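To keep things clear, I will list the structure first and then write my remarks on it.
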Amino acid sequence: MAMTSVTRQENRAGWAFIMPALVLLGLFMVYPILWSLWMSLQTGKGMNLHFGGFANIIRLTKDPVFQHALSNTLIFLVVQVPIMIVLALLFAVALNNPRLKGRAILRTAIFLPCVTSLVAYSVLFKSMFAVDGVVNDTLMFLHIIRQPIGWMIDPFWAKVLIILAITWRWTGYNMVFYLAALQNIDPSIYEAARIDGVPPRARFFRLTIPMLKPVILFTTVLSTIGTLQLFDEVNTITASAGVGGAPADATLTLSLYIYNLTFRFMPTYGYAATVSWLIVIMVGILSWIQFQVAKER
Amino acid sequence: MSKTLAWLSSLLIQGALWLAAFISVFPFYWMIAGATNTANDITGGKISFGSHLIENITKFFTLVDAPRVFANSFFVAITGTVLTLIVTSLAGYGFEIFRSRTRDRIFGGLLFLLSVPFAALMIPLFVMFSKAGLANTFAAVLLPGIAAIFMIFYFRQSTRAFPHELRDAARIDGLKEWQIFAYIYVPVMRSTYAAAMIIVFMTNWNAYLWPLIVLQTNEMKTITLVVASLASAYTPDYGLIMVANVLATLPTILVFFLLQRRFVEGMLGGVK
Amino acid sequence: MKHFTFSWRKGLLAAAGIQLLTATMALATEVTVWCWAPEFNGAAMNEAIARYTASHPDVKITVVDFAKGDLEQKLQTQLASGQTEGLPDIVLIEDYGAQKYLLSFPGAFEPLTDKIDYSQFADYKVALATVDGQTYSLPFDSGASGLFYRSDLLAEAGYDAAALQDVTWDQIIEIGKAVKAKTGKPLFSIDQNDAGAIRIMMQSAGSWYFNPDGSVHIKDNPVFKAALTTWVKMLQTPDLYKQVSGWGDYTGAFNNGDVAAVFTGVWMTGGIKNNNMPGKWAVAPTPKLDGVDGATHYSNLGGSSWYVLSSAPSKDAAIDFLKTIWAGDVDFYQKILVGQGAFSSYLPARNGPAYSATDDYFGGQAVWANFSDWQAKIPGVNYGIFTNEADAAVVTQLPGLVAGGDIDAAIEAIDAQVAAQIQ
């Protein structure tokens, strides 16, 4: 979209429209963010704080728990985001077919998971994935597994469970964005490609994907942010005795570590703030890469 | 041959979609079935309906001051939704219609704000509200969430579908900018609003971490907080918790179904 | 759209009503209490309130309950913010966390040393809430530990009550194998993420992750090594236990009759009595660590105490309430013992009738009298301020150890992780 020159009056109107949001964001986001930046330079326990300079950054490099949390978070990011985006895209393309029967029901059903509340969702997943819960029962009945899987006991399966849970909750949500974008594509383009004898697979890769690129970028960036901040699921579903990130910290994420440093352990707010800033920097770098990749293609 | 193949692949796609739909919906069934069972049935993986529904419901209504709790939740969710829709749609409209280099830069900066984890902001936010004497008020629950960045993105994106001709015509008719927004944009974009409403209502209704911090008395608790407390018993009563879950999920599902038709149009950026 | 506006107005009205109600109640002295587990701590507190307000009608005491983690999060946020408005007058804190709060937020809690006669409470409970000679808590429920077992299933495997009075953890492994062979049921349900067993074992021999001065005591701590070795050995015996995850799963296993025993704190008694197997349960002393100096059959798991916030506006009323009921009403303690199974650390309470009563649910055993005896002998330890950090470090090493990892290397790693966490 070309940048149109605005008159002075329009410029004033522009500010007026965005002002309520800017004031709220300034008060309730920018100010606390600056506070946490300042905190990241402080060390000490509880409220007995003193200026520590880069002490917290040095501590990061020596902290095995932090490194563990970082690698877990990156594993979730690398595995979960692509799975969810691809699934959402495939569902959207399939549901976009006007000849498909039961489209409305399918679309609603697949979207439904994201309306559940976190509290309900965690109780549901915990009880369904218990050792003798309904999921293991079903898998054993179907002879897919012989022994019940320790979903919340085995470090590997716990990661799988978290990935399943997030995918369950958010795939339909992302799908709706793709569906919307797909329906805005002029069908005659497909018709022309079909008549030219372009096979369905090529149509998907050469037409659909490029046209959805902005939406894919948008959802990928948001999902990346969501996964780097992953907290809810690992604090509730894979929590044991009130402690998230179980088993053996296999699902400990950076956000959960921040939470532990702030609320569960002896409070070290300065260090917690430093870890938060690391997330911010990672989001910055990853979003930049994603934008670059999208630009090149 | 190719016809059989096409038929087969379409069958496969159908199957995969129905399986996905089943997996998506099953936990809801599990929750409803659980509401009729005892705690031991639920941890034991019983998937059929039981006969303890009345008992579980009675327990819920004896333990929980349901009218108060639901009134709180509805107040928070509805006020939050209305304010969020107003503020974010104004901003989205402003960013898109009146583009300037400075405002575009600010818009780019919003992505940065989105990347700060909330856990890092809770303590400074709490200090602010507490100093302002707003701890334990719904204002404190609502204010930080009103300028939802994601919704600003969404409204800006949707505004691209708002026909220029309408705005130009309105200007020629002498309407002021706010009048164009209120009398033309809002009615024209009502599907967009409906879609946003579902998402915002859902977010506000389900809000947990922040309300937990700022709300302090029983009179102010929302249903989400109550469910969390019930789930924390030394020996959790899952039948009771499932009843609470069903009741806590029902409003968001109702809102979704009521607005569903508009939701699809809204997400499609449709202009009606 | 019309429908929407309508319900919105109604919501607004309801909220306005709420504000009005709260405004008119501010006349009497109001005391607010925060706690978790409404069916246990909340119910006991409400009983105390009913007793107190009967003679003090001008005081209104309200209980607000949260999930335990949520309560800690709220408390920590408020204390960190330095804003006292909105804090309760009385708050329940788990004993393991007591020192953490007392030391990181100096001045936040009110010392009660001059107001409460602490000689009437179990020593170890008083010690853990004492900093620099000042005691801050009103000690509440005990976490005295014991081995609850299904007497019918253990009898089937050839073990009667007498055979379980003086056993070691190593013997427990053998008993577990026998029970599994005879009854097909494992002895325990075990959640590997819960370090409770290590804590029970350590305290039973008077040791902890930390020295009394707060320094780390992991690397050269023979008790810790023995506890970890024993626990790993138990985890390496699949016949001994059913793997579970999370609290519901864990309690479900013995409440459903899937497993034959559970070693835990006395506060579980109420839960066990709720599972409808009268006459089939009994309690034995906690098993002992093998080959450790000072090992006993007495230990503790959990337990919590009430604290008064020094910023509380109704502080005096709160203290008077705690003093009158919680440090003076023997009859009250009988009531909550019977009602909630809340076993107190208030020593005079044990002279009351409920504490000496036998219980048919436990085959006529005088359960409470047993716990009273055991409680008196629990070795006192200083939990320090980093127990959560140490637990997390231990739990991280467990999967590797169970798979056959080297115990000394694991202890090194635990020590290193704790050292990195507590700076």
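So that you can tell them apart, the chains are marked A, B and C in the order they are listed, and the count of residues begins at 1 in each.
Note that contacts are C-beta pairs under 8 Å (C-beta built on N, C-alpha and C of every residue); 3 or more make two chains touch, one makes a residue touch a chain.
Predicted, not measured: the structure shown is a model, and the values here were computed from it.
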- request: Compute the centre of every chain as the mean of its C-alpha atoms, then state which one is farthest from the centre of chain A.
  value: C
Query: For the chain pairs A-B and A-C, which is connected through the larger number of C-beta pairs in contact?
result: A-B
Task: Find the geometric centre of each of chain A and chain C from their Cα atoms only, then give the gap between the two centres in Å, rounded to an integer.
output: 36
Message: Could you work out how far the Cα centre of chain A sits from that of chain B, in whole Å?
response: 16
In chain B, residues with contacts to at least two other chains: 43-44, 122-123, 228, 231, 238
Residues within chain A bordering two or more other chains: 127, 130, 262, 269
- prompt: Residues of chain C touching 2+ other chains?
  reply: 67-69, 73, 77, 80, 82, 247-249, 252
Query: Can you list the residues on chain C that touch chain B in the complex?
result: 3, 7-8, 10-12, 14-15, 18, 21-22, 32, 36-40, 62, 64-70, 73-74, 77-78, 80-83, 85-86, 88, 247-249, 251-252, 255-256, 267-268, 270-271, 274
Query: Which of the residues in chain C come into contact with chain A in the complex?
result: 67-69, 72-73, 76-77, 79-80, 82, 100, 103-105, 191-194, 196, 242-249, 252, 385-386, 388-389, 391-392, 395-399, 413, 416-417, 420-423
Field: Residues of chain A defined as touching chain C within the complex
entry: 45-48, 59, 62-65, 68, 126-127, 130-131, 150-153, 155, 239-243, 246-249, 260, 262-267, 269
Message: Which stretch or stretches of chain B touch chain C in the complex?
response: 39-40, 43-44, 63, 68, 71-72, 74-75, 78-79, 82, 122-123, 126-127, 130-131, 133, 135-136, 138, 212-213, 216-220, 225, 228-236, 238, 258
Field: Contact set on chain B toward chain A in their complex
entry: 13-14, 16-18, 20-25, 27-28, 30-31, 34, 42-45, 47, 86-88, 90-91, 93-95, 97-101, 103, 106, 110-125, 128, 143-144, 146-147, 149-150, 152-153, 160, 177-178, 181, 198, 202, 205-206, 208, 224, 227-228, 231, 238, 241-242, 245, 248-249, 252-253, 256, 260, 264, 267-269
